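Encoded as structure tokens, here's the structure I'll be asking about.
Per-chain residue numbering starts at 1, and chain names A, B and C are given in the order in which the chains are listed.
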Amino acid sequence: MSPDAILRIDALTKLFFGFRALDSLSLHVARGEILGLVGPNGSGKTTCINVVSGLYAPEAGSVVFDGEEVAGLSTHKLVHRGINRTFQVPKPFMHLTARENVDVAIAYGRNPQGEVDAGALLASLNLDALASRPAAELNSAQQKMLDLARALATGPKLLLVDELAAGLNPAELDWVAAKLKDFARAGMSIIVVEHLMGFIEQVTDRVVVMNAGHEIFGGTLAEAVQDGKVVEVFLGGGHAG
Amino acid sequence: MAPVTAAFAILPSVYSNHLLLFNFVVFLTLAQGVNVIYGFTGYLPFGYVGFFGAGAYGFSLLVMHLHAPPVLALGAAGVSAVALGLLLTPLLRLSGAYFSIANLAASLAVLHFISNPNLEPITRGPYGVSLSGVFNPDLAYSIAVAVMAFALIVVVYLRNSRFGLALQAVREDAVSAASAGVDVVRVRVYAWLISSVIAGFAGGVYAWYVSVFYPETVFGSDYSIFAIVFALFGGVSTIIGPIVGVVLLYGVYNFIGFSTPQYFQLIYGALIILLVLFLPQGLISFVKRRGVDVP
Amino acid sequence: MLIYSLLSGVLFGLYFSLIGLGLNLVFGVMRIVNLAHGDFLMLGAYCAFWMYTLFGVDPVYAIPVAFVLFALIGLPLYYALVPRLLAARDPEMLSIILFFGLSQVIEALSTIAFGTSEQSIPGSELGRSLRAFVGWLAGHDIESGPIEVFGQSFPSAWVMSAIASLVAVAFVYFYLYRTRTGYLTRAVMSRRDEALATGIDVHRISAIAFGIGIALASIGGVFAPFMLGSITPAMGVDATVTSFAVIVVGSLGSPLGTVLGGLVYGVSYMLVQTYLSSWANLLPYLLLIGILLVRPSGLLGKRVRLA
């Protein structure tokens, strides 16, 4: 394992009314690395992101971020330390304008590089024309980009991306993939949860395959498809996508 | 904001019904207080009058027992309301209707507590408070206008500040607001305490102005509900909405209200129903729909 | 003394369950707050009062009359108010204001129609015809005196209202768990969006629940002159707050939870009344807040109510 990991998860366990959504999960992310998190539905990928981003407190295990234990800290504190995310179902502030959505994060996100320019940030995600429209009027893909803009405004060192690609057309997919790679090249670490294997192939350096709340494989996607346990989980579970 | 304050500062010299003007000022203040907590955070404070009553009694206790000068006692009004607000912060954990009902229950609990005959030596219990020693309606009116100006300044600040934006973000989606770095619990509590201090000052200055009142007067649910309906009728999370609501609806109330209260109640109830069904965002939404930005 | 206050607490508790039952049903199915609930109770009370005053009818017969009458009023009222409300941005909050408006309208119309003076029905009138019937069977007159329960005697109205409450709970239970409409009602209660998606006529189900809800309130009203004291058009507000305390203490959606809530409420009310009477009127409010904060899902509930 890389000694220079920005995030190190060890034996993380999250219970929901007795159901082990995360069952002693361990993984790490290196600085500037894009890690793909894949696995069948219900394997715990989104739960992992929810715990790391502070939405849920874990029952056991540790989450070490940038050398410090952060498990159980509340979301806004993690944001200030440099962890941010997007949501599977986008959650912008519906009755605020796109610009106001970003303004909140600029004002409260404590970006270590100083406050970013809202206009430039929106423009970089092709939202500049919609800046003064309420978020509710944006389509789903645009709302996902707005979620991303809000996360970027806080200057994250670790970005958790939950199914950003779903619903995008091929041209948009390529564009988003290039964006994520640019962020990583600039030093940001990224965890990508995604069902589209093509997208995973395109952006990730390495994948962790999860099943039943636990990691069963770590390595490149090409190696993963050769792995017996991985093949069994995907074919046996019936969720190849 | 300035025109409203100026108007109510000048009106007493040209219009003789000072009590009516005073009541307008009180409702303008309370409607803006409701605006702070409901318009900007989405919590509907059905027991908002609890802060008004706490302010009235905070003021009265200092005057009755310590013979404090009224302006100092007004400070106590604000402090009592904030203390009650702090005591009730756990209610902010509740969502939706649960918050409203618990808040209503809390205001009624405070009413029954203060009016308990066992507390007569302290609060005068159910027999009411008399503060004839400090009676000075002209000065009290001026201070009431100042309190209203304070409430307006708060709302102007919320409309134009990052803090106000953060509150609206929390109202829209608390999880996303936390993802934007907002300490959700803290900003909610701040808004709650700000709206409580507004009502507390209003209650204190009300006690000073009328100087004789009963617990039911200053804890009457009508205050909460009038303030909410006025604010909503005009349109919350704007500055002008609650002002329009108070001037129109409370104007109607005074026009038909006193002689035949049940007919007013009927019209008022029907207006509320129509408002919720056809204009849930308030009168202001008429103008907003035409693309005009309303302050 | 202790036994007496416990038993009277149980009798009153069952009556409080009856009061809360309809409110619980409406909130459970529609997620809206019927702040006019107590006003339908008040109308039920006047229904019994006028039937007695004009025609000398035993209030017991007002029960089916009120039930049918208010169930029929409830259906069009639902379609007039609720579908539009549910389409708004924040229906749960707006419902509080909307039904407050309705409550004002009902109270105003009742004041115009009935005046503000306090009305009552003599306690001996409740069940008069039943007593006559039993007396005819037994061959001698039955006195309208108190009824003995476990060696303690209580006004017969308390016992009769407790029995009526049990019947009403059984009715709601049967409706929800033994009829097809009731089964669909429970589906709407647990997942309204999914019920819509599966093609259930959610509005029809909700309208029926709304009708039953206010009909139950009106039955509670029939007993109000004997349980809550004299009746006035303004009595609805207190009844609404009491109903809320009861259903919050119990839990949402479950008729058994409402019974438990009513019993807890009734017994603690009577105990405080007996031993700490001057603070008794604080109890409903403190109980309500306390339960909400300590156990937000109610004593039997699983749902989360936290922000």
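The working rule: a residue touches a chain if its C-beta (ideal position, glycine included) is under 8 Å from a C-beta of that chain, and two chains touch if they have at least 3 such contacts.
Values in this document were obtained by computation on a predicted structure and should not be read as measured data.
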Number of hops, chain A to chain B, where each hop joins two touching chains: 1
Highest C-beta pair count, chain pair: B-C
Far-end chain from chain C, centres as C-alpha averages: A
Middle chain, criterion being Cα centroid separation: B
CA centroid of chain A to CA centroid of chain B, Å: 44
Distance from chain C to chain A - Cα centre to Cα centre, in angstrom: 50
Chain B and chain C: spacing of chain centres that average the CA atoms, whole Å: 32
Interface residues, chain B side, partner chain A - complex: 162, 165-166, 168-169, 172-173, 175-184
Chain C contact footprint on chain B (complex, rising order): 42, 44, 46, 90-102, 104-106, 108-109, 112-113, 116-118, 174, 221, 225, 228-229, 232, 262-263, 265-266, 268-273, 275-277, 280-281
In the complex, chain A residues that touch chain B: 53-55, 74-76, 79-80, 84-85, 87, 91-96, 100-101, 103-105, 107-110, 147, 150-151, 153-154
Complex interface listing, chain C residues touching chain B: 27, 33, 81, 84-85, 88-90, 92-98, 100-109, 111-112, 237, 241, 244-245, 248, 278-279, 281-282, 284-286, 288-289, 292-293, 296, 305-307
